[in-house]
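Before anything else, here is the set of structures, which you'll find just below.
Two complexes come next, and they have one chain in common, subunit A, joined by subunit B in the first and subunit C in the second.
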Partner chain A sequence: MKHQALPPEFSVIRNEDKCIQCQACVRQCGFDVHEYDEEKNQVCANETNCVNCQRCVMICPTKALSITNNPNHYRINHHWNSVHIQNISRQAATGGVILTGMGNDKPMPSYFDRILINASQVSNPSIDPLREPMELRTYLGAKPDQIKLTSENGQLKLAEPPPPQVRIETPLLFSAISYGAISLEVCETLARAATELGTLYNTGEGGLHKDLYQYKNNTIVQVASGRYGVNHQYLNAGRIVEIKIGQGAKPGIGGHLPGEKITRSISETRMIPEGTDAISPAPHHDIYSIEDLRQLIYNLKEATNYQKPISVKISAVHNIAAIASGAVRAGADIIAIDGFRGGTGAAPMAIRDHVGIPIELALAVVDQRLREEKIRNRVSLLAAGGFRSSADVIKAIALGADAVYLATAPLIAIGCRLCQKCYTGKCSWGICTQDPYKTKRVNPELAAERVSNLIHGWSHEIKEMMGGMGINSIESLRGNRAHLQGVGLNEKELKLLGIKYAGEAI
Partner chain B sequence: MLLEGELRIPSGCAISGMINRRGERFSGEAVIKSIALMHDRSNGLGGGFAAYGIYPEYKDYYALHLMYMNQSCRDEVESIIKDNFSVEVEERIATRNHKGIVKPPNLWRYFVVPKDYKIHESKDSEDDFMAAITMEINVKFNGKACVISSGRNMGAFKGVGYPEDIGEFFRLDEYKAYSWVAHGRFPTNTPGWWGGAHPFTLLDWSIVHNGEVSSYGANRRFLEMFNYKIALQTDTEVIAYAIDLLVRKHKLPLELAAKVLAPPFWKDIDRMSNDDQKVYQSLRTIYGSLLMNGPFSIILGFPGGIMALNDRLKLRSLTAAEKGDLLLVASEESAIREICPNPDRVWYPRGGEPVIGRLYEEVTI
Partner chain C sequence: MKKVYANPKHCVNCHLCKVYCIAAHSKSKDVLKAYKKENLKDTARIIVEETKTISCGLQCRHCDEPKCVASCISGAMRKDLNTGIVFCDPSRCVGCLTCVVACDYGAVQPGPDGKALKCDLCKDLGEPACVANCPNGAIAFLEKEDE
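Let's turn to the complex of A and B:
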């Protein structure tokens, strides 16, 4: 009675005419769905385990497999849907918290899909990026209010050195994913891709494995509430030090990497004993207020000799504008805002799906607030949380972002199919697991090429759209909301986004 | 229909400017003839001029050029003027009837000095005090009254019509200046408002502009952080404020301010000497939001000089020429040759390379 059987979510359809009993699916499935029955010389499926990650479908040499939603479903009820019923049934058995992975998948409004981009016609020529320079280079870090120059023998020089600036060649960075959540191979993939692209990847809170120090010039090192792997060498390895206050997928809570995942290598990197749980507390235990944040920011500046910009990553929550403003005044050089579509390796479903606000609104109100307080140039703004395409990126930059953090998109480039089972550690794609049999499925060299291709592709598209707007440098797009108009938005939404309705005179 | 300031109106244009670097003053006939040649680059919905050195007898006074749509506005503005300034001269701006000019507003000129205690009360510099009063009037009267110019020993003359007709209407042949700047407008959409014609002025700056700035939203929002009130929503206005911020407030040399509006490409900065690289990298990172993107050619008038500048891709025409002490710039070479058939030198300035003409050092005006 304790466990009530639940119907499988998915059906595994095997075309027996095509199947050659090669058992590739048996070996590749991380969830033990496929099984070879020697007596019958037949591969069969335990559908209950299937998470629809599509690994077997992709690997099957004869294309004999397909996965569909299980045609069986509960009596249609628009209030109590099948997810609610399944979750309640599971919790009735265990009394536990329902976990999930990746970002919020609920049909909440996507403001990106209700914003449209401008283009030039007649009065202003569009610019062809194939013929004219089109500049995406971006510098992250605080900017002074004005330049101060001196003249020495007729040569103009800066009167004082500028605050530390980190150059990226495209306004796209890889956001924090820790070693432990993902495999070392995937960490290396992102590090290699960032290096090739002239941008940055982020260690997340898992420390920096010794093999990855070679990519330090393209690394953001993160300091989170668990302080895993944080030491002097680590802080000084990165170009930017990021304090993680919150994560868009799970604002208000910490993280938990179970002891089973703490292998020798992860234990060394995180500086914790092998096999112990790595628990990141919900708050930093030395930050209970904004003045405490200031102390940590300046501790890190001291530790890095004021040579690195300090970033503060916060999740988009209700009072985001005031929080961001406080972080700037506390001394942050970069603010990263993570919206409610942001991904995770593990989060309670109730939190992932219901806590936080959309990145589009959060970004718009933060940029506006910082401008009203005349401190926008003191900080670079990074937007994160569910960016699906170059168009989303353009819209975020026009709303006010300096650059955009991506994690789910590069993981998809590596193979992820958003099955949302990251928290199980069973990932068939070898991304979110520490099982060496699976992690070797990702070849960092080849995977980095795929990630680079993706970013090159998006960058090309960004250049094309900028050219269409008659803009040849990314700084002219930043905060330039005159190039955005809304459809299907009400007055309040337009006001918060700071844009006009489609067709309205600019 | 909405007035400028309530919506944004892009426009194409003709521009022309000239300076006698020896400081010799000459009448407005030449600049009218030059801009008249480019008649087809305007559509009769706006023209205007700025002239420097025209009021030598009042060179220490601010010359306020005002435009009033009705008497009650004039009464209100004059009470603001008399409250803040000692007025030396108050007069109608002389005009002649012209068939091309319909329904002109009331045009008045005042030579004034700010009252000391008013500046003291404002806790601002004299320039900031002047700029604040100008902005206050322009915003408060919502187009019914408008400060056309407010600098010393200079003035702007502008209105709805073809520029050559505006020049004759304002009797510019009777003024003598060492530098002239002219503008003919081709707005894509306008209610034909006198205040919306160009040049746009602020303190001693005057600016005429041809083009459409695609970075307008970014430029505007950056300037608002520095307390500029964007009243007219024109590209010209944001360019003027950008120059005011960079040169007057942040003390950049004009040559470098031009490199903010139209900066070198990163690939060129990467090839510069170490010191230059640092300066240009800082300029672009600090003032990136003042990059004027998209096509433009501008002529900036200021006391003692003019500067012409193209966007960095040179998406608008701009020609420069020299003849002795005379430096001329215009949208088209023909507009220069119309008044100066055999210049010593004619060239087409590269995108982002400012052409600056200043009075020789020994000249005092």
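Let's turn to the complex of A and C:
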């Protein structure tokens, strides 16, 4: 057989007693699943197209819809599961690479779920954050090895100015998502939320749209291998300049924004012709060594007059500690490590699901290595890749992060339901698309409020948990691994994480 | 007076404003019962104008000098002088539809029963149902100086 139809992955269950044929689902589905049959006066579903993004379920005014996994799927096989069969079948038809979106969804061990947080009892009283000061503010940037002071007219002053520091009011930042991968409305949402929260969002490699320059005080500008939209004004607009070496979802490979997504506005922002493919090479073609990285870091420092910290974003891979150490020695002020759960707008599934290492281990070994080499003060560490709750954030900070990058969580706050079809450009939620009919679905004002609420909620929870530990400043929690203990971890894992087993005396 | 204003920039073309308009003007005030028991489908008093990429919900402007009221032959169409709301009293409407022709905005429509249907700003509910239920903030109930 030349063509083999694939069974639908999902079943669309419509309760006909509740369906009022208002057709909201028909108008909202980005994948042409729902269709109104006038003859039957019934809304029907083409289930083959359904991606279970839940947009119809959310919009249905009578809650008549539910989406479930298709029960008539392939025969259960614990080695050849339905994803393998489906992918092989698709590739047999097309000869192409299987693409996917968002982060690794495989049941790999989550170390966050095997780490538990300490709390104070009796001898070291806990702190009530509602009654006593609790500081989440922190500063990103290199800290000097020692502080030299001089005395002028009896007043003590810093002998030399400190390296550039960027203040953030909560240790939660929004990680890089480019304009092009997501709509301008979503970029604006993150920019507005970051501004309201006193934290930072990241432009990704897509340049900075002219309408977003007003949020520049809360912007990290990224320089990636494609160098899209990079110019003097852009570099100086951001508070931090980030060199993107790698991305957790797809370490070792670049990116490809297809020409049909390069609208006039994106072409202006990226400074490339309209309708042309935007291809980000896998490596930076001018970086083949730590010395080359140092050159780019210092080029950017020169271009920004040594006023901005330079961040280097690397994906968590096997030799991460040595790579991070090299980046510090190359002059990075901030290192962002993106773990294997990190999201993407498009990546080959084979890479997303199998390349890279967990952020928990990467972070722990990097922090440890930099301490051993006595260079930990020279960088701030940002952890990224799959942070699901405030508890994950606390654990990462106690493992050594200065702050945490979030992208999937705020996208979920905006509406994303992780259907993983970002690469199709059809996003029903209007997030990962450039179709003007759909991008309107994100109202930046309402969406920014939802994102702010989320970060407020997490910040509050972080304060409560810190209070429980008897800690009143996020900077006192950083690398404070005595507050973490493991369950279900072996000796090697405990050693790499630098924590003890639950119940072991501290 | 406070009126309903549409913002096409945020309208997602879901037509939920129509659904909740119908429910708000039903006896049961319940979406399912309004459609399934009271058979009120196609009685929305808000019109969603849509092209391929632009859409917005439109309804009565509650004019200072409403032509529908002036043209009404039975005294069914009235303007409440206290609230400014223009509304139709179905018990007096004879279905001549002069108001439908007279309205400059196409905001009065003939209902399935032949009588005039138009927005009454949900005068018995406080906030118009279309505004309260718009999922994306595309319709607002605002006091504006000039129109």
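The rule is simple: the second predicted complex is superposed on the first by the 504 of 506 C-alpha atoms of A that agree within 3 Å, B and C clash if a C-alpha of one lies under 4 Å from a C-alpha of the other, contacts with A are read in each partner's own complex, and residues count from 1 in each chain.
The criterion applied here is as follows: contacts are C-beta pairs under 8 Å (C-beta built on N, C-alpha and C of every residue); 3 or more make two chains touch, one makes a residue touch a chain.
Fair warning: this is a prediction, and the values are worked out from it, not measured in the lab.
Of the two partner chains placed around the shared chain by superposition, subunit B is the only one that A:S473 touches, whereas subunit C remains out of contact.
When both complexes are overlaid on chain A, the residue A:K250 reaches neither subunit B nor subunit C.
Contacts of A:K18 after superposition on the shared chain: subunit C is touched, whereas subunit B is not.
When the two structures are aligned on the shared chain, A:Y437 is found in touch with subunit C, with no touch to subunit B.
Once the two structures are overlaid, the count of subunit A residues touched is higher for B than for its counterpart among subunit B and subunit C. In the superposition on chain A, A:K463 makes contact with neither subunit B nor subunit C. Contacts of A:N377 after superposition: subunit B is touched, whereas subunit C is not reached. Of the two partner chains placed by the overlay, only subunit B lies in contact with A:A482; subunit C stays clear of it.
Residues 9-16, 18-20, 31-32, 35-36, 41, 52-53, 133, 135-138 of subunit C are the ones that touch subunit A when the two sit in their complex. Chain contact summary for the complex, subunit B toward subunit A: residues 2, 7-8, 10-12, 188, 211-212, 214-218, 220-222, 224-226, 249-250, 252, 256, 265-267, 275-276, 278-279, 281-289, 291, 293-295, 312-313, 315.
Put simply, subunit A touches subunit B in their complex at residues 120, 123-125, 127, 132-133, 135, 137, 139, 143-144, 146-147, 149, 155-158, 162, 165, 371, 374, 376-377, 398, 469-473, 475-483, 505-506. Residues of subunit A that touch subunit C in their complex: 17-18, 20-24, 27-28, 59, 61-62, 430, 436-437, 440-441, 443, 445-446.
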